[in-house]
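The two complexes that follow have chain A in common; it is paired with chain B in the first and with chain C in the second.
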Partner chain A sequence: MYREIAFKSIKLSLMGRGSIYTMFFSIASLMYLFVYRAPEIFTSMVVLSIIMILASYLADKKIVKQFVITLILSGAKRIAVIFCLFVYLLVRIIIISVSYSLFITSFTLTYIVMVLVHLVNTILVAEVIYKVIRR
Partner chain B sequence: MNQSLLVLLPPLTLFAISLFIIAKKYQGFVEEDHLGEIRLVSPTLKLVKNIVKKSFISIEMLLIFLTLYVSAFNSSYATTFSFSSYSLNIEPNFSLLTVSDTIVPSDILDKIGHKYVAVVQVFTPLQIDGKDFYALLTRCDIDYYPNNELLTILLEYCVNEGTVLIDRNSEVSEKSIIKLLGRYNITIAKASMTPLTDIELIPGVYVVHSIGTIGGLSLKIEDPEKLIIMPFTRSVIENICPRYCSLKTIIIGFDDYNLYRDIFDDLVTEFNYVVLKEPTQFGVKVYSRTYVPTVKSIISLVISFMISVIMVYAVSGGLVEKLIDMGHTLFIEGITKELFIAIATLGILLTVTSMIFPILVVSSLGILKSLAIVTYLISSIASTYIITSQLSSRIGKYKPQSISSTFSYIVDKYVPNDVLVECLKSFLIDDDFFNIDEIESVVEENYYMIRIELIYRRALTTVSSVEIYVERIDHGVKYTTIVDVWSIEDLTTRTLSSIQRLALSKAVGGVISCIER
Partner chain C sequence: MKRIVVIAKNVWKYYTIEGKNIAVLRNINLYVYRGEIVCIHGPSGAGKTTLLKILAGLEKPDQGEVIVDGYNLSMLDEDGLAALRSNVISYIPQDYGLIDEFNVYENMEIPLAIAGLSEYERQSRILSLLEYMGLKGKENTKVKLLSGGEKQRVAIARALTVTPSLLLADEPTANLDWDNAKRVLELMNRISKDFETSIVIVSHDPRVLDFATRKYILYDGILSELK
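Entry: the complex of A and B
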């Protein structure tokens, strides 16, 4: 069941209008990072990418809401819905992280912390979205 | 890493505030208008206030602000290290060279360390024995003597307090110098000034007085006999420049690169330009506080702008929907589409303008560069334009969800026909929106029906006809309310639907309150 939900979420995430915005953001941030190779710019771009993920969700709010409500009505448990939202957001993160992975050549502690912050943030956002929709 | 954390701090604070607001909003918070004293308020002002309020508390606007702030920070940081720095392919004998058009404060000299030579070029000529002399004030703070060709030359021209150095071919009387400097124990020493006039620190910058280069020709003092070297002290400056002097301060540092890197911000603020020699790289870098738009800074501005536009496009949908919802409530009360768009534009513009103050405060403190303000302004104008254009394009196309004009309510309490009629009359008689035109009832064997004709007060000929059927079913009573609206005015379907919903809610509210009375 989880595999099916994951596939559906990936499809939803790629088909949504937010994914186009995310792609544009990814290109813009890639340009920025290559013009300015500075840790300050990198950290602020990471902050911007977190905002972008929230913004891309808001762009697809309606269809995500419908999808989640359908899942809830068909008897999906809380964990399954959060998993679906997590996968949905993860696809967006992967689109954004393409630019970062081109920029990062070696994995230092800062970058690993950034990745962890992103993952924890995604889980928290998935939880918040679930609560908001469930409300 | 500390600087990176500083960059993160403002957006993270805003992020935390926004999360807190969302958490508060979804913790069963019910927006409620408390009944208060009725005051006369300008309706337009109230609408603008409501739109500003609605924009401020929305997650979309918070995200837009976060984006604008981070973009402003980005472009500001981008300027700090790229704005007016350029490289020169020369190998100098110094690690630092700073040039200023004023006398630099002594605290910055203390920070520079103990391996520097400070030279003040006084451009106002001094009249000594009928001849023009150009004063050069020097101060050497050297705690050890490295093997450096430039420093060796410069040290020969360092003078102590009470000593004046002139060229070996030049002549000045001791009396004139005593008169000029206002002290008695003066020693006049002589040395060849030619090595000093030949020193070129970077192309176009000399130790002796120069006003730069024109067409490859350097404009500097060529005649060493015109130079007079004095100690760089407060009393000397006060004596030779009683009022105002045109002068230039040059500091040549020989200390470690890291020391200068640590005080870099102070140096760039105090001096017109700073030349730094990085030990690992060939050539020097010239940093200037005079910001000129470079290609990099324009790229930064353009990308920041692009990112803001992408972000605004992504989040504007939700905000526009919220504003449209608000608009539909207002359309019923007679506000036109154009007026609402104008009010919405003004409201959003006010919100965006008011949020520039944190950036203005931060940039006035010197934390952010002025390019941050430019980035914020350009991006915010674009954001306002995008939101309002989306609002105006979608407000015409928007169709409300079709609602059922029928409502059924099943309870076990039976209310007789006449009681219900009287109750509904008393309920609707003082209504703000509808006026009862006629009310009649028909009693049949199994059911009875009440028909109410309501006139919509805020239009001329819009009538809502409400039918209430009351019938007994197995173990209870079913109250069914059907509402129909018609008008001879040219009203849109949307407006009619809104009036229908309003009439249905009034009728159902009346029936429920009458049952529970």
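Entry: the complex of A and C
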């Protein structure tokens, strides 16, 4: 069950207009990171990427809402809906992470912590979106 | 003797508006038999959608209880209600509740995937239902390209995929011209006979009452049966 609805979430994430904005952001990040090569730029781009994820969700708010309502009406449990939203946001994060992965040559503890923070943040955002739509 | 699918007993629902508790549903008593169509008519803001959402387990009543197919909704937690929506209750919202960017097949596949059916079972059920609804050949059409009448029929088809005991339709004819509305209502009539599904329709359109087995009026939160 989770596999099928996860595939639908991935498709929805890639089909949405927000994914194009995310791709543009990823390309812009890559250019900044390689031109300036400074840790401050890296950190600020990571922070901006969190805002970008939210902005890309807002661009697809209508279809995400339709998807969540469909899941709720079809009998998906709360955890399944949050999982779908997480997968939807994760696809966008992966698009953005491409530029960071090209920039980072070795993984330090700071980078690993950043990735974990990003993942926890995504779960929290998924839960908030679920609560807002459920209301 | 016919089996009762829905029992709503002494249901009250309040909303807090500007610090005041306002009763939107007052002591609602309703029962629905298996395979019948019950129509609840009332003006906008009378509490029709709230009542329908309570019957679907999407909202909780402040007082009273709702029993659907033997399950007391107030005794179930969120996951229990979700499980009930997956195989007992289907709810069609006023805006159809379909995903515009997906095609008809993908929209209908979601409840079946949640119910855990295999790909073969999903395919055969979807195709047979589309044929039944007169939508054969539309499975690969994106929902946003369908007409209002077709969207409504897809929404009904999706609701029927899990063969529910209770189908709840919120203003199913509100966005349709009368010819399409009549077609949808005749289809619901056929569904109630063929699948023995109990259907509850709420509508502000009085013409919908002609298609119902039993008729109710909801006005200012009070439900009364029309004899």
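We take it that the second predicted complex is superposed on the first by the 135 of 135 C-alpha atoms of A that agree within 3 Å, B and C clash if a C-alpha of one lies under 4 Å from a C-alpha of the other, contacts with A are read in each partner's own complex, and residues count from 1 in each chain.
Everything below uses one rule, namely that a contact is a pair of C-beta atoms (placed from the backbone, for glycine too) under 8 Å apart; a residue touches a chain by one contact, two chains touch by 3 or more.
All values derive from a computational prediction rather than experimental measurement.
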item: Partners on chain A (chain B, chain C) - clash or fit; value: clash
item: Which superposed partner A:Ile69 touches (first chain B, second chain C, both, neither); value: second
item: Partner chain(s) touched by A:Ala55 [first = chain B, second = chain C, both, neither]; value: first
item: Touching partner for A:Met1 - first (chain B), second (chain C), both, neither; value: second
item: Touched chain A residues, chain B compared with chain C; value: B
item: Which superposed partner A:Lys77 touches (first chain B, second chain C, both, neither); value: second
item: Chain B region in steric overlap with chain C, selected from 79-87, 403-411, 421-429 or 457-465; value: 403-411
item: Footprint overlap on chain A, comparing chain B with chain C; value: none
item: Chain A-touching residues of chain C, taken from the complex the two chains share; value: 58, 78-79, 82-87, 90-91, 93, 97-102, 106-107, 109-111, 113-116, 162
item: Residue ranges of chain B in contact with chain A within the complex; value: 1, 3-4, 7-8, 11-12, 15, 22, 26, 59-60, 63, 66-67, 70-71, 73-74, 77-78, 81-82, 296, 299-300, 303, 306-307, 310-311, 313-315, 317-318
item: Residues of chain A touching chain C in the complex; value: 1, 4-5, 8, 11-12, 15-16, 62-63, 66-67, 69-78, 80
item: Contact set on chain A toward chain B in their complex; value: 18, 21, 24-25, 28-29, 31-32, 35-36, 38-45, 47-48, 50-52, 54-56, 58-59, 61, 110, 128, 131-132, 135
